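Heads up, the thing below is written out as structure tokens.
Letters A, B, C, D and E mark the chains as written, and numbering starts fresh at 1 in each.
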């Protein structure tokens, strides 16, 4: 609904239709070559893995553009329902990254992440999601190289699996 | 005057080939000299391992192929173990020796005997599957003309049964011959 | 009525080179609620911020998205800019299109498409932001300095001089740290203790400074402005209030031959000791592991007998002291590498192979040899000494890729001291690159070569081995291109500077991050070098990375300035993005309570109308003073009643949707 | 009556008392369900509780014209307890009704078997009802009968009455024909693998501790599922999730689901859309299972009440197996004062991240 | 425990005494050695300095046969141990190389076989306590310098027998045998043996350096586990002494010979007569034979 001056009545809530943006090209199609490119959502904790991704940037290390980072204050803030939502909206792979256990800026945040996702990871696999589509990593603020390595390996793994159909509900 | 960007450009392909064969990356070298310093035979070499690295870094790798060093190197790996930049220095020297042979470079006279011994050694293995030590020593004497070398040692060793008179041929000699031919095919090498 | 403005930064060419900023702005114009989108070369600069203010006025914007560098860089800058223009600072989101897009994807179309998606995500999120106010936090105007070396002393003095109380926690018997072990300092060659001891005395007598020597940090709770630190005051067996430091006890103590770690085990000390003569506090401690009284239950007691003021009290126990602080300065210093992974140099095998710190003790007048340089093996005066640089540093193969920065200079100094004390001695220095990056440093290095005839050999030492009555140092003189061997009576290894062995454990206690080599991580290498990522914790000296004394002192004063800046405000601005409870949805199950690291969740009685009657029930509530906004509670709450402002479920879901489309 | 165990409601500053005193099983025991005076003794117990004012309401079961399906009844006065009944058809888990009594003035008695009692304990651990407000009348359950199985055993004929013996069941039909079938053949599925038939916490208990029936059949099914490829598992669950009509019966019956405003009912954030496509079906099923993981008592009511027969026990038991393997925590609802393992941590936890 | 025995060409010729003493000591310590049937030469330094493929193929043939036997390989000769281990590691790391080598040697090789120097077998599988328990003539009063050379300890990753700069395993074994070990700096300094026939004067210099350091530290004999080093240090000792204008008589023995004596094996069977620098006077003086 490409309206420049939004004349629509002020709807406090977002209607589903309004969510669509025809500005960005169709999900998954690569702007350049048109071949299929996997879409990967990475939930990164602000203090460590997000800083690690920044360090990869300041060191100009290249990694696939499929990775799209959503910043959260702590890996403990990542709700398993966000993972389901990402797959629903067309993600082909989801990554969760936090500080190494013991290094969490909030001291115990990642301990809960470790417990929660050791259960959720097995359960997602159990209900039929291919295990290579979801992975978790501990990446510190000084591990720019590890972030890049993880991004590349995970993108290739997801690319080899092809587009994800499970739970896909793209409008 | 050395036109560096030209030599670096021209020599890059050769340096990359050596990097690949030795499974290492010479560009990491920061010329600290630990390899040359620790090399037991550096004093006898015309250019030390560090200088060989520098030649390869600046694209003058071909020059190293004419050096005596790559034949004197005893592949004892002291350099590789101590290199702070984790470069397989001994591997590079070995790769250069193989390249020198493969590209038919003339081997400096002073170190020609190393090549002769290697050929005799491999010939002996090819024929009987194991080394015939006496044959090796005699072959060296014939090919180098040093007939009286270590003759004092030879007789006592014979008497103590340390030098058998006949080569010990293994049953699988045909297998060894087949290995040599297969390797030659795969490497297309000039033996 | 949401009216969002999108501002895409060129960042010179950093973004514009690999992201078509115009196209990103164009695609942003079609996003819901976006009424204005533009680009500018430098959004963070004044004109950029003015552009935002003007756009807010002209287009009546009430929400802003800035697509630029990482929020770690300029989120604060843009929030202030937006606030000045009358919009709540938390109605602004940053899209990281530099570090996480333009710099890491060279293909322009791909980079542009991703940047557009990141902007879409930021717009979707900002559309769901709600205005937030940051609260006020009380500040405990007391500072804690961990480590009593020159860094800790300087920081403490600067803070105390600004009128605030400082507690220094020092693990050893006396403050002074590494600098107390040095003889002279470069580049001025003035005597280390002459410039250090006055500062130690100041610290010792300053009314606002309390020194907890022979003590360690047991635990740290709380957060910026309100740290609760437990300090373990190790039992010294000497009553500090009564002891006058007369020295009777340590002179008469029968246990004489204990290795003195202050003298790098080259000298000896008694069981009751002070580290060095100018020790502050000048009160000895008893080394209970080696004191006869403790080893053979109650024997000896000589020190007790000779003590004129009866200060000895064997029954004293460790005390755990709990104190509140507003800020912490980490100044824990360094240690030199043990070099056990280098058997080829023989440190620890051949007695005459020593490290720089050993040499400092040998050449120091308070050292075991009263300043006369003698070989540890037979005490002879060395006629030839070899200094080996980069001993353990710049060696990725064995775990230390970094340069220890100060060795070139202190080795040159030590060579000069050698030549001054033993004019006929030869000084050789094996080096790879001499690094004299400081004021008067290069001149000092030239003096060593010209005035003192120190021989510099460019080459990294391959092997050190004993031969007859001397050592042989083998290497290559890479400028000559020849193998060289130097016969030396003593070899001084400039061992790498590394953090203290327990640095990582201490970092986890205090809650700050550290890098691969266990140096504490600064918030930003260039822009915030003395702050850690954790609010209220500052860094000074070698604990943050190898450096020399001038830089350490500069950092210490900088850290002190940061602390004083914090204390100068009447209250701390607390985090605005905190958790809050939707009391209608909360069923009082308190699953949120155990996951809160700051114990910020308490029960609260509320009254509700249920049909005709009023009922009272208990729901969760967040103490905004303690909450730090980590969000663990928001996930533990099944119904989503617990929300984390700034990162609510709606916002994150909106981001996920936008990023995936 | 036993002295009620005082449980602190959430006190200012200390919301969860460090260690709720776990009530020991009292010595007072009533006769076992099989025993002829059992029903009389149960009715007397309930009547005296109400008469002496120990409780102001009792939730139990009452006769209905269909003798195979007694209904849940709320007894307010001693006289009403006359038609209170308890037999092997009391499948329904009544503990969740306690949520309606959160603000009820007075104490509530509940007649609960093993699985229901765990539900009551879980509600107490989830702070939804204080321990001292509930009078737990426990019954050691010999296993409940599935009415559907009885009717299919009786074939076309209408079943008028069923007499349950210790190991066989006599079915009397309208036409008066009688047939005897082994108890095992008509038991509800979950009772065939019920390990904990006895109430872990109760104020008074009827019957002796039962052994329960050990069978790993459900865990074998789970293991078989785990051996499948992810594509096969995907197909398996798609087939089941497709049939979910989103009636939310599983949520409404679950003692661990005590939220007043469930995420599935919320518009903002819009977690669950209405359309019954495979994405939303997956979102609902997975989220429900993950939300109760660590607090699910394993009563399998959800599996029993699902109108379209989705094997929810295969999901709940899988999560329970993993939680037990990973954190070695007790079965939820068996101990008072125990919180979900997912709101605790241990430095030595297993780590599935790299 | 049973192992596939790979003697190597030297042990069948110039290092005959190393072979005999190895077999005798293994029997005494309960190590069952079954010689790899029809084993062939490992190529020493000549193969891998001429062709990378040949350098792996020659040892690989022996590894393949050992794999058929289903036994780990014991290779007393340091050079053979180095080459066999290098081949195994290179093929482990590079799957394609393993495939090509299988094609070259026309045998299946899955990489399930470990390669151990004899010293490692004694240390980890027999154990020093077993050695101490079966001592008959502890080497009391004999000051030995253990010389490891280069091939047995370098480079890390290709051979993992001991620390490349400061190895101690031979020292441990000989100390268990009752001997007194000298701690000296040139344990792993290369003796240049591969140039013994082609650059003899270089060998003399290197041998001189090593023996000078050993003598200075008070060693009475050299103990080694490499036939190249033994031959080089033994044969070039006289020339080295004259060149350095000093004289040192340091018999160079295989560690299995001295271990044999310690375990009470008859001296005659240990080939003590086949050294240029005769060790028997020293051993008699120490009352060991």
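The working rule: contacts are C-beta pairs under 8 Å (C-beta built on N, C-alpha and C of every residue); 3 or more make two chains touch, one makes a residue touch a chain.
Just so we're clear, the structure is a prediction, and the values are computed from it rather than from any experiment.
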Chains contacting each of subunit B and subunit E, listed by label: C
Chain separated most widely from subunit E, comparing mean CA positions: D
Chain pair showing more contacts of the two, A-C and C-D: A-C
Separation of mean Cα positions, subunit D and subunit C [Å, integer]: 55
Inter-chain centre distance, subunit B versus subunit C - centres from mean C-alpha coordinates, in Å: 51
Where subunit B touches two or more other chains, by residue: 43, 78
Per-residue overlap in subunit A, given as positions that touch at least 2 other chains: 14, 81, 85, 108, 112, 116
Touching two or more other chains - residues of subunit C: 344, 463, 595, 636, 649, 653
Chain pairs in mutual contact under the definition given at the outset: A-C, A-D, B-C, B-E, C-D, C-E
Subunit E-touching residues of subunit B, taken from the complex the two chains share: 21, 40-41, 43-44, 72, 74-78, 80-81, 88, 90, 94, 97-98, 101, 111, 113-114, 116-118, 121-122, 125, 129-131, 133, 136-137, 140, 149-150, 153, 156-157, 160-164, 168, 170-172, 175-176, 178-180, 182-183, 186-187, 189
Contact footprint of subunit C on subunit E as seen in their complex: 163, 165-166, 183, 185-186, 213, 216
Of all residues in subunit A, those that touch subunit D in their complex: 13-14, 16, 80-81, 84-85, 87-88, 96, 98, 101, 108, 111-112, 114-131, 135-138, 150, 166-169
Residues of subunit E touching subunit B in the complex: 9-10, 12-16, 38-41, 43-54, 57-58, 61, 100, 103-106, 150-151, 154-156, 164-165, 188-190, 192-195, 197-200, 202, 205-206, 209, 235, 273-274, 276
List of subunit A residues in touch with subunit C within their complex: 1-2, 4-6, 10, 14, 18-25, 27, 30-32, 39, 41, 47-48, 50-51, 53-54, 56-58, 60-63, 65, 68-74, 76-79, 81-82, 85-86, 89-91, 99, 102-103, 105-109, 112, 116, 140-143, 148, 170
